[in-house]
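This report refers to the structure that appears directly beneath it.
Labels A, B, C, D and E are assigned to the chains in the order they are written; within every chain, residues are numbered from 1.
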Amino acid sequence: MTRKVDLRRFTGFQAITWACLFMLYAPLIVVMVYSFNDSNSITIWGGLSLRWYGDVFWGPEAEKFKVAALNSIVIAVSAAVVSTAIATSAATALLRAGRFRGKSLSFVLVNMPLMVPEIVTAVASLIFFSAIGFTAGYLTILVAHIVFCIPFAYLPIAARMQSIEDVYEHAAQDLYASKWQAFRLILLPLMAPGIISGFLLAFIISLDDFIITNFVKGAGIETLPTAIFGSVKQGIKPNIMAISTLLLLVSVLFVTLSWLVGRKGQKQ
Amino acid sequence: MAGGGISSGGKGSDMYEGLGPRLILPAWAIIGFFLVLPVGLMLIYSFLTKEFRGGVIWEFSLAAYDQFFFDRGLFGDEPPKIEWTYINIFWRSIWQAALATVFCLFIGFPTAWFIATRSGSNRQIWLFLITIPYWVNLLIRTISMKFLIRDNGPLNEFLLWTGLVDSPLHIINTNFAVQLGLFYSYLPFMVLPIYASVERYNFAFSEAAADLYASKWVTLRLIILPIVKPGIIAGCILVFVPSLGAFLAPDLLGGAKNFMIGSLIEEQFKGNAGNWPFGAAISMILLSMVMVVLTLYARAQSKEEASR
Amino acid sequence: MTSETPIAVDIQDATKKYGSFTALRDVSLRIRDNEFFTLLGPSGCGKTTLLRTIAGFETLTEGAIKLFGEDIADLPPNKRPVNTVFQQYALFPHMDVTRNVMFGLQMLGQSEPEARKRAGEVLELVQLSAFADRLPSQMSGGQQQRVALARALAPNPKVLLLDEPLSALDLKLRQAVRLELQQIQQETGITFIFVTHDQEEALTMSDRIAVIAGGQVQQVGSTRDIYEEPNNKFVADFIGETNLLDVTVTDLGAGQATCILPGGGTFTCPAADGSHEGAGHLSVRPERMAIVPVDGAVLSGVVTRRIYLGTDMHVEVTLDDSEVMTVRVQNSADTHIPERGDRVGLGMEAAAARLLVD
Amino acid sequence: MTSETPIAVDIQDATKKYGSFTALRDVSLRIRDNEFFTLLGPSGCGKTTLLRTIAGFETLTEGAIKLFGEDIADLPPNKRPVNTVFQQYALFPHMDVTRNVMFGLQMLGQSEPEARKRAGEVLELVQLSAFADRLPSQMSGGQQQRVALARALAPNPKVLLLDEPLSALDLKLRQAVRLELQQIQQETGITFIFVTHDQEEALTMSDRIAVIAGGQVQQVGSTRDIYEEPNNKFVADFIGETNLLDVTVTDLGAGQATCILPGGGTFTCPAADGSHEGAGHLSVRPERMAIVPVDGAVLSGVVTRRIYLGTDMHVEVTLDDSEVMTVRVQNSADTHIPERGDRVGLGMEAAAARLLVD
Amino acid sequence: EGKLSVYHWFEYIPQEVLDKFAAEHGVEVTMDTYDSNEAMLASLKAGKLGSYDVAVPGDYMVEIMAGEGMLDTFEHTELSNFGNIQPQWADVSFDPGRKSSIPYQWGSTGFSVNRDAYSGDINTTSIIFDPPAELKGKINVLDSQGEVLALASMHLGIPQCTTDREQLKALNALLQGVKGDWASFGSDIAKDVLVSGDASAGMIYNGFSAKARSEGANIEYAFPKEGFVVWMDNVVLLKDAPNRDNAIKFMNFLLEPENIAAITNYAQYTAGIEGVDQFLTDEVKTAPELNPPSDQPGQFVMACDQAVQEVYDTIWTNLKK
């Protein structure tokens, strides 16, 4: 019969999306391909090999990267846990606690880490930490990460909380649940998908951070980004490509998992 | 990371009435102490006297702001003229950030639209495809971009091989490379809020417009864009603000040749110049610009909300 | 159900202000035990607000609420022996039907097996035993409504509050659920306070109705009182359709008055409390008007419109002073229905007309 | 409005499939110019789908749609001289009322002042001149509904499609808007195709009704035809309430049949197309039943329930074989209404009963 | 047992040497890196002093840090290998009496040119400051104010840290004029850009250039006739070092010829220690970068006083604006 009039379709949008994907993936694919390059130099193709993957685990820099990866994960998990908790509490205050003094200011505050350019945060934190004698180390990184992860955790959590009508909690209260029980037994489970994506976002943001970490980190403490930066600025080495490829695979695994979790959450 | 993150949420319910201050306290404590105070200290530093080779002397001085706005010649003893150096650096950064924002918007809107109009499960897969690269470290992404576009990198090799060009395209160390880097760094911050808006967009409006004789592109311009505007604005802010202070892309892809605000600030604290009050002053000027933009946006937003 | 029945909920001079806006003004209601009591009124009149103050989600600005004689002002919602069926049901989406019903019981401290047993009983009552393991999202609107009811009934509350529980259902389903609700109320003997803006719903289900408008109680009474003896113009107009005639009251006696009709005829009819001599309104229901020969009729006019309603025909008659009266004529083979343009007389029984205050 | 009136919309054997699901099956309708035509049917029956194919938002799997004789299959929605009033209005939230109404005019190429002038006229027609500068969000549901109407009327379409435009309004408002819509249709002479699932709405407003169920047209006819001469059981049951008696048809003649009632009595009544001898259903509307003395009545039973509806009283009579019949008795002083438990006879006029196919 | 925290240049010490020290002394070694003397100074000033034990500043930076009071001192007796230091490096102007520092490596900063891209004479600073057409837009310059301005001064034939206004103006003008011919600024990328071909010429340290050559770049390191920069990097004992004992052990370790030779073999500069030769590879011994023609003038970078330094800062900012 006749062609279907689809008001959702715009000519060219699909092409742009594909182009967009191409631009996003081209560099990564190049990295993946070259990680299998059997050559000391990235500029010369020396045939297929897994030697750089061996190098990642047993090469001279392996120890450094292992420690850095561990640091990154420990910091990212802790920062994500704490910032998710703070963000959940803040979202409850801002969306569920009616009016109170300083509410709009609080709103600005929660989003502030997002608004202050990263370099300013980095420099300001460094100076402040040394001014108050808060010695650079693990803790400084952790604290700084918690701060800038809060708005990222807050966004999906608040979005989710906003979409949950408070009538469920009222119903719980009507059925003899205290406020805390209503929160724990009703609101929290309903929020789970938002909290999970807030956590993941915070985790990834923390795992990714370079500028602030580089400024506030203590002597000799490396996270993955600072370690990679230290080793890569002089020029990309094939072992870095191998590390990146591994990270990409881990990420894909992780995203896939979180996606499956999210989908399960959505079904309910 | 749905849109509307900047505006305050809804009219608010009161289920935990009275607990607000207690619940917001942890956020206040940690952000207040570890962000507001440091930024406050920066503000103070910007009004202090610089110490030679880094550091501050606790004496009030407007020298940092003077240096920003007035040109007193190479030797600092000429009558003051307007200093264009830093204004130009700001201008360049703003221009770069704005270009990157526009670039992200022109690619990001159609992408977000396309994704939001897929059916349920396809939509998830598309979103997934767009976000995966962002699970790889920004640094690695930027470096791989650098690797890709260098004069004899894979891109040029490919283009030469296809015969599309007969000498390598020179992209690396140009403003275009910085653009590309910024685009690559922040695209999802554009796509996701717009996606969230478009997903909520009620296609009955498009149908109503078509019913009232509007073609699709007219509908896009007169109906869709104004209605999903909050998502677009949120996306623009989320791309613009970090681009303004961007540091990696100009450094790695732009060849560190031209100062951007980020590298200018860094230089004051880490580099040769070592002028802390000046670095603090630049930071404060940058911060106040960001705040002005955000305040204007928030005001526009609340005006719009009030009128609904 | 006489006035000796104990008072379940006693609302005394309740006033609720939101800022400068008064949502409830001096509301006093005595709702009896075991009663099916309905709050009826237009959107925004304060029905939900009143219900929420009883449930404890709002506090009164002034006035008191007593539950079986005890002032409950200081009890938080989770301490009141009152349960609510919410308008959108508010079933916990992450719990199956049984868990939803068990929730209140467990909050009251019942053990898991105890609560499960009771939940089973209540689900039996609402005929949902077969659905015990479903999630709310896997059920139709009507079934969800019954789960909400079961959940609220399970803890055996003294008073059950229902906030427009039927408004999300479609016509046929609504009619079916109405009957069920009424039966359950009779079986359990729990006091129901039911909110609706649908007068038909109110009329079909309730023992007594309070008509509310603008935050104030307009009239409290049995369904028949409300329909047939409305206190004022608002109630007459809101409950069903009515014809309002501007009349001059000349002879006000005990519950009776004589009025001069627009056409000049006089008419004697019952008067509501507060009627006074002078200008007044006479209310006559369309079904209490009859089409009669012009000669000797108290009112007459021309048929200007006929609306076919299936069960009935509405005949609109425009009087000589251009007021429009509606007469409802039941469609049956033996009724003669005049054509458009016919000149007809209108008759009404004295008992069916009522003199109203504004 | 005779059959010589030109056909505005001619739907021929329209079938619409979504994958394997058939939303419309062989629908043929001839909607006349200037007609107020209603599509009536339960939720999910395909009403909206049909409307959307006329507007051009969906394409038919099979069949054709002609607009004043011209096949419009290849016209995109923005080229069809057909406008729609959407169920949720779909008013452009960022434009004020005037701009909303001007939109279609400007899209058709009218200049700003021209469009503004016409918008003013149409807003006058829907009595919203005072609201010209408001944003849709600043208006009540009823007002929004009228803006949507004005917007759709402004370009003077040949056909106006209305998809349950009143469903979001509350009872009183709905009644008021119904009248207005009818008047506007009469004033403008535009063909209205109106979708609803509310049978009362359909009956009060339409010239003709098409009853749809399961994607198929069940019956097309005037309001009176549909109510009083339903084609089948579905139509009888869907339009208003009805009492359905299982009978045995013994003597089927031209449009007439004799049936044996449950109690054993016999009864002669009109038959619908397709009736056949053997088991059948007899449909009698509650208002067409009467309570009569037991002696000599064709049916008899015990009053088991009385429901007060204001205008009327529903009396439920349980027959001896436990079927429940409803009799609608108008509330007026001279009707005697039996009490619960009374044994009564039921009468019905032959003309009011109808023999149906399933 | 214990720790050692090193603040070091990038790519300047092989992991094996650190591991060896760690194994020998049972010390856990951590290292952060920097890419310019100034970056190191700034970061120590901004609060990191007190978290590192040793750093490796260049000559003039040792003087500056000493002046800022950022260095601790030691007695020569604390270092059993102190005597291994070559006599010419045993007492130096930037650390009179070697109270806080020991030599690490010394070398030169000049530039290298890709011989595929340019075949003319390269032993002139004009390659950088007045480049031939073939090299225009293909030049990387170190992101290091001191070395760039020193080399530029030599190109102009003016003294470092000059106070003469005309000379300073000329310096400013030179850089403004040539900036457009430069592709990028970067120290840590200096080798990579030559290897990858992103740049056809680039300022670079001699050892770094040797490494670039061994990685396949067809480049030649220049010894310009106008002069070039020489430097000595030194291991210094930082003030408030958290592990002073281990720092001393580390310094002593680095005065061991075999250990410092391993570093020389890796970084391809020159050690200032006696007895190193036997441990050096032939590659290092014969590298043209490490064997300047003896008549060529090399100069240390000078630490300017505040007034000149402020002009230098302005010139540098002008260059990058």
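To be clear about the criterion, a contact is a pair of C-beta atoms (placed from the backbone, for glycine too) under 8 Å apart; a residue touches a chain by one contact, two chains touch by 3 or more.
Note that the structure is predicted; figures quoted are calculated from it, not measured.
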Number of hops, chain D to chain E, where each hop joins two touching chains: 2
Interface with the most contact pairs, given as the two chains involved: A-B
Between chain C and chain E, centroid-to-centroid distance (C-alpha), Å: 91
Centre-to-centre distance between chain C and chain B (centres being mean Cα positions), rounded to whole Å: 58
Between chain B and chain E, centroid-to-centroid distance (C-alpha), Å: 36
Chain B: positions in contact with at least two other chains: 152, 207, 210, 269
Touching two or more other chains - residue numbers and ranges from chain E: 46, 196-197
Residues of chain A engaged with two or more neighbouring chains: 5, 7, 42-43, 126-127, 129, 131, 170, 236
Chain B residues touching chain D - in the complex, by the definition given at the top: 202, 204-205, 207-215, 218, 222-223, 226-227, 229, 307-308
Residues of chain D defined as touching chain C within the complex: 43, 170-172, 197-200, 203-204, 223-224, 227, 239-240, 285-288, 290, 307-312, 328, 330-333, 349, 351-352
Complex interface listing, chain C residues touching chain A: 55, 57, 76-79, 82-84, 86, 88, 90-94, 103-104, 107-108, 135, 137, 151-152, 155
Residue numbers on chain B that touch chain A, as the complex places them: 1-2, 4-6, 8-10, 12-24, 26-28, 30-32, 34-39, 41-42, 45, 107-108, 110-111, 113-115, 117, 124, 126, 128-141, 143-148, 152-155, 183-184, 187, 196, 203, 206-207, 210, 216-217, 219-220, 238, 241-242, 244-245, 247-248, 261-262, 265-266, 269, 276, 279-280, 283, 286-287, 290-291, 294
Residue ranges of chain B in contact with chain E within the complex: 52-55, 74-76, 85-86, 88-89, 150-152, 172-173, 255-259, 263, 267, 269-275
